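Could you have a look at this structure, given as structure tokens, before my questions?
Order as written gives the chain letters A, B, C and D; numbering starts at 1 within each chain.
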Amino acid sequence: MVKDIVGEIVFNKKVGNNIYILSLEAEDVGEIYPGQFAMLRIENGYDPFLRRPMSLFKKNGNKYYFLYQVVGRGTEILSRKREGEEISILLPLGNSFPKLKERENVLIVGGGVGIAPLNFLVNFYKDQVNFYTFIGFSSFVLEEVYVDFKNYSREFVISSEDSSLGYKGKILDFIPENLDNFEKIISCGPSKMLEILMKKVKDKEKVYLSLEERMGCGFGICLSCAVRGKNRLLHVCKDGPVFCGTEVVFNE
Amino acid sequence: MVKDIVGEIVFNKKVGNNIYILSLEAEDVGEIYPGQFAMLRIENGYDPFLRRPMSLFKKNGNKYYFLYQVVGRGTEILSRKREGEEISILLPLGNSFPKLKERENVLIVGGGVGIAPLNFLVNFYKDQVNFYTFIGFSSFVLEEVYVDFKNYSREFVISSEDSSLGYKGKILDFIPENLDNFEKIISCGPSKMLEILMKKVKDKEKVYLSLEERMGCGFGICLSCAVRGKNRLLHVCKDGPVFCGTEVVFNE
Amino acid sequence: MSKVQVKVGSLTFKNPILLASGTCGNGKEINKFYNINILGGFVTKSITINPREGNPNPRIWESYAGILNSIGLENAGLDKFLEEEIPFLEKLNTNVIVSIAGEKKEEYYEIARVLRECKISGIEINLSCPNVEGGGMLFGIDSEMVKEITKNVVNIVDKPVWVKLTPQAKDIIGVAKAVRSAGGEAVVVFNTFLGLAIDWKKREPVFKRIFAGYSGPAIKPIVLRYVWELYEENILPIVGCGGIVNFTDVLEYIFAGASLVQIGSANFRDPWIGEKIVKEVQNYFKEEKVVDLIGIAHKNHEEVDK
Amino acid sequence: MSKVQVKVGSLTFKNPILLASGTCGNGKEINKFYNINILGGFVTKSITINPREGNPNPRIWESYAGILNSIGLENAGLDKFLEEEIPFLEKLNTNVIVSIAGEKKEEYYEIARVLRECKISGIEINLSCPNVEGGGMLFGIDSEMVKEITKNVVNIVDKPVWVKLTPQAKDIIGVAKAVRSAGGEAVVVFNTFLGLAIDWKKREPVFKRIFAGYSGPAIKPIVLRYVWELYEENILPIVGCGGIVNFTDVLEYIFAGASLVQIGSANFRDPWIGEKIVKEVQNYFKEEKVVDLIGIAHKNHEEVDK
């Protein structure tokens, strides 16, 4: 059941260029599935008016973590919030990644803050699934951003465009040539990255992508998050944010 | 010179029913005169849009103190701000109380958070002037709200309407019958209180009142803070907020 | 009679709080958050004869304390509505107003004919749509057009008909009079304002269709002004809609002359807002009746002037 | 030529940033915060023939991301203006536009006659005033009236004349055309919107005159829409005004078609905003010229459509 809970900021820490981890303490709403997201209300005033969609990065009981990048007004204001301040959190929203099987080989491809839901996934299935993680950033981020991937993956590769971290370049330059060995490929990140990744995969059915679209509500009433799917119009907030590779089209 | 400085909240403490002391650390703008006020910008977003006028309650070097009451949206939002958050402060604004003379007998009459500028005055002249302080609240407030008055006044009387503090009743019931002995009478508080006080004083010239009016800017450009004076229209933000008893009229 | 009950035309509302068209889905979505039967009523997402995919992205954009939307009437069309929504709607114990829209006059009538058979409380005619036969002008701008469509729908549907006005109309009073003379039971004031946002990074309009509908707290003072003016003219009951985000906004609307209010964009920010405000209404009106305070600010103001 | 310089009619502006009438006093007040000669120009508080005390309190009220004001044209009158303000204004090294207002047509002309002798850049006619001879209708609502007043002021004053439009006019395009045909050099879009706030505690209108002027960030998308429409009609240079609170708002206005912009209510929140935005303009326009980007969003949008 979707709830609106009040989170008190435990920390709101800069972990990279424009990238922050926000930790909130709030009522424990119970199980949240990997890939689900929350709508955060940034201000008590009515400007900005809408909530901001954010994937769960991690959850420990009543501690909720988000990994976010400052891109506009809302996230800029968020980045100035301090310990003790309260933020209203609407969650859990959306569908989730498919259930992973014991010992399955799963390729994880993440770009930038798109790693947030993937981090939740990896934490959720740690030690049960064989993760092969490839994540890229544009520049340096602190280890706490990717430490879970590092700890819970069979293979862990990280890259950055300015070579401040791991290999130099976009992460797609480093993923395995042969993708046949993976039972699932799960990815989240810039739309361009997802599009290129999809081209590399023959069997679209094993790919799961978490998409982003501008959202007014996050729970299906405003119809602003529509994206064209293979057979029908999809609404990212309720049909997604996770879509199977067979459903998505890239051509806008 | 008026400056816009960024104050970091040191504390924002509840000191009574709906009453708070806000302490901000910021650049030291130098001498501020008693009676002057600041315009606080409550939010980074544009709602609420305008700044809020607040008298200086106290200043110690780079520490600024405000005493405020939650009355509407702006102060309500302010009351939820926490340590570490930043607030933009435009100050010092307005005129100030008249210069007090050494050993002068000054009657101080304050109602509610109207004591804020009076507290600044008493701190400014402590030990140099003979203050006789009469202040009233509607209900209980912590001692730190009035401790300076208590320490620096020859006579100190406090009352509350619900008898939770000092005498029971409105403070005007307790001020001396004979006001001739005071060289100056300085007051700030609810408009009704000021009006009644004025009626009790024969020699209006020795009375100084700090007035409140809705303000758009606080420095003379919006003309929203006009009040009718004896001979001309007064603008509280630049002609005041302190006015001599001979200037003010009460009849709206 | 309950203190918060309000009658508008032939309908009775258990309280004056409704949710606005396009901001509460077709009821089911909000019903997940609370029992929507607590509401005075709600208005469904505007339906059209044929399914509509709506406009290309982006469809929503934020401005200061307001939002611009260009959804483009995405909806599954009348048939799907009858099949998938009506069964749920007919079982509800609150007023369900079905919003109808079209690109041609005839489309409004076609929908009305079909809805005649459904167990719904009434129809809200959404006239903020471009009239493809009339050069793309919004239907709601022209009093004659408003009168014609309203009259025909009233005749066909055999249920209360409301007309939702567009603030783009130059003569709001004239349009409201047209609604009255055509047999409409109330005017809903307003649909969204026409607004524009420029994407300064791309240096082009944010929306593919350039203009978009502006709503949210930002528009409230302007809408409230029209509610006041319409109340002074005493034409029809007024359903106030625009920028309501909390209970005191509702009071402003009622005191200015609205008999009912609709909450729109605020549902996006807080899905429980309808329920919260209903409770606040019940709390506030313990001694007084809502109906006695509709338009009270007009009376109080005159009294001050005397 | 400087990258940020803009010519509008016969005036040259060192940059497109002006401060709006009634929100920057008569220059002196803002000059305490920064040297106002850095601005492209500013518009003085509207002056009237006779001193005016203005409206009773309250005169300002907040709404969501917007404010309502009912100052009532408080000003010291023409004589005091000449005596106390003109000497300072004449020494400035930026464009000083003097805003004039009246309750009768004749008052505009009287002021114009006197200002003819002053060393000021131009006149802005504020037509958002009730015409006491015309039943209290705002002058700016009626194209014929706008034309008449503008033409006479143009003839009298022998300086560039701008006309500040009121969004209450039903035919904005028509009014702009009237300004052009009367010899006005630019239209200022807009003065405040008519809005209403109800004091829900007192259950009466907040303002004694019921309606008040609505301004601030909340109105931006609506004003921007009209700037776009006016630009498409290519009538006169447009001075955009409404809800500008930061530099990107300025870009939106310029890209939508404004040659210059005026900053209004934002001065109340941040007295340095004019200076800050001028610096940001200078920074942004290092390679490109402002004049080449006026209305650029129209071009970019068409290109997308093809």
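The rule is short, and it goes like this: a residue touches a chain if its C-beta (ideal position, glycine included) is under 8 Å from a C-beta of that chain, and two chains touch if they have at least 3 such contacts.
Everything quoted here is computed from the prediction, not taken from an experiment.
*Asks:* Tell me which of B-D and B-C has more C-beta pairs in contact.
*Replies:* Output for the comparison: B-D.
*Asks:* With chain centres defined as C-alpha means, what is the inter-centre distance between chain B and chain D in Å?
*Replies:* 36
*Asks:* Can you work out the whole-Å distance between the CA centroids of chain A and chain B?
*Replies:* Using C-alpha averages as centres, the distance is 50 Å.
*Asks:* Hey, how far is the Cα centre of chain A from the one of chain D, in Å?
*Replies:* About 47 Å, centre to centre.
*Asks:* Which chain D residues touch at least two other chains?
*Replies:* Each of 64-66, 216-217, 245 in chain D touches at least two other chains.
*Asks:* What parts of chain B, by residue number, touch at least two of the other chains?
*Replies:* Only 45-48, 73 qualify.
*Asks:* Using the contact definition from the top, classify how the chains connect: line, ring, star, complete or other.
*Replies:* Graph shape, chains as nodes and touching pairs as edges: complete.
*Asks:* So in the complex, the part of chain C that touches chain D is made up of which residues?
*Replies:* For this pair, the touching residues of chain C are 63-66, 68, 170-171, 193-198, 200, 202-205, 208, 210-211, 214, 216-222, 224-225, 227-228, 243, 245, 248, 251-252, 255-256, 293, 296-297, 300-301, 304.
*Asks:* Flag every residue of chain A that touches chain C in the complex, lowest number first.
*Replies:* Listed in rising order, the residues of chain A that touch chain C are 2, 4, 41, 45-51, 73-74, 90, 213-217, 219-227, 233, 252.
*Asks:* For the complex, give me every residue of chain D touching chain B.
*Replies:* Residues 22-25, 29-30, 32-33, 45, 53-54, 56-62, 64-67, 69, 71, 74, 216-217, 245, 265, 267-272 of chain D touch chain B in their complex.
*Asks:* For a test of understanding, state which residues of chain B touch chain A in their complex under the given definition.
*Replies:* Residue positions touching the partner: 43-48, 73, 77, 80-86.
*Asks:* Provide the residue numbers of chain A that touch chain D in the complex, in ascending order.
*Replies:* 45-47
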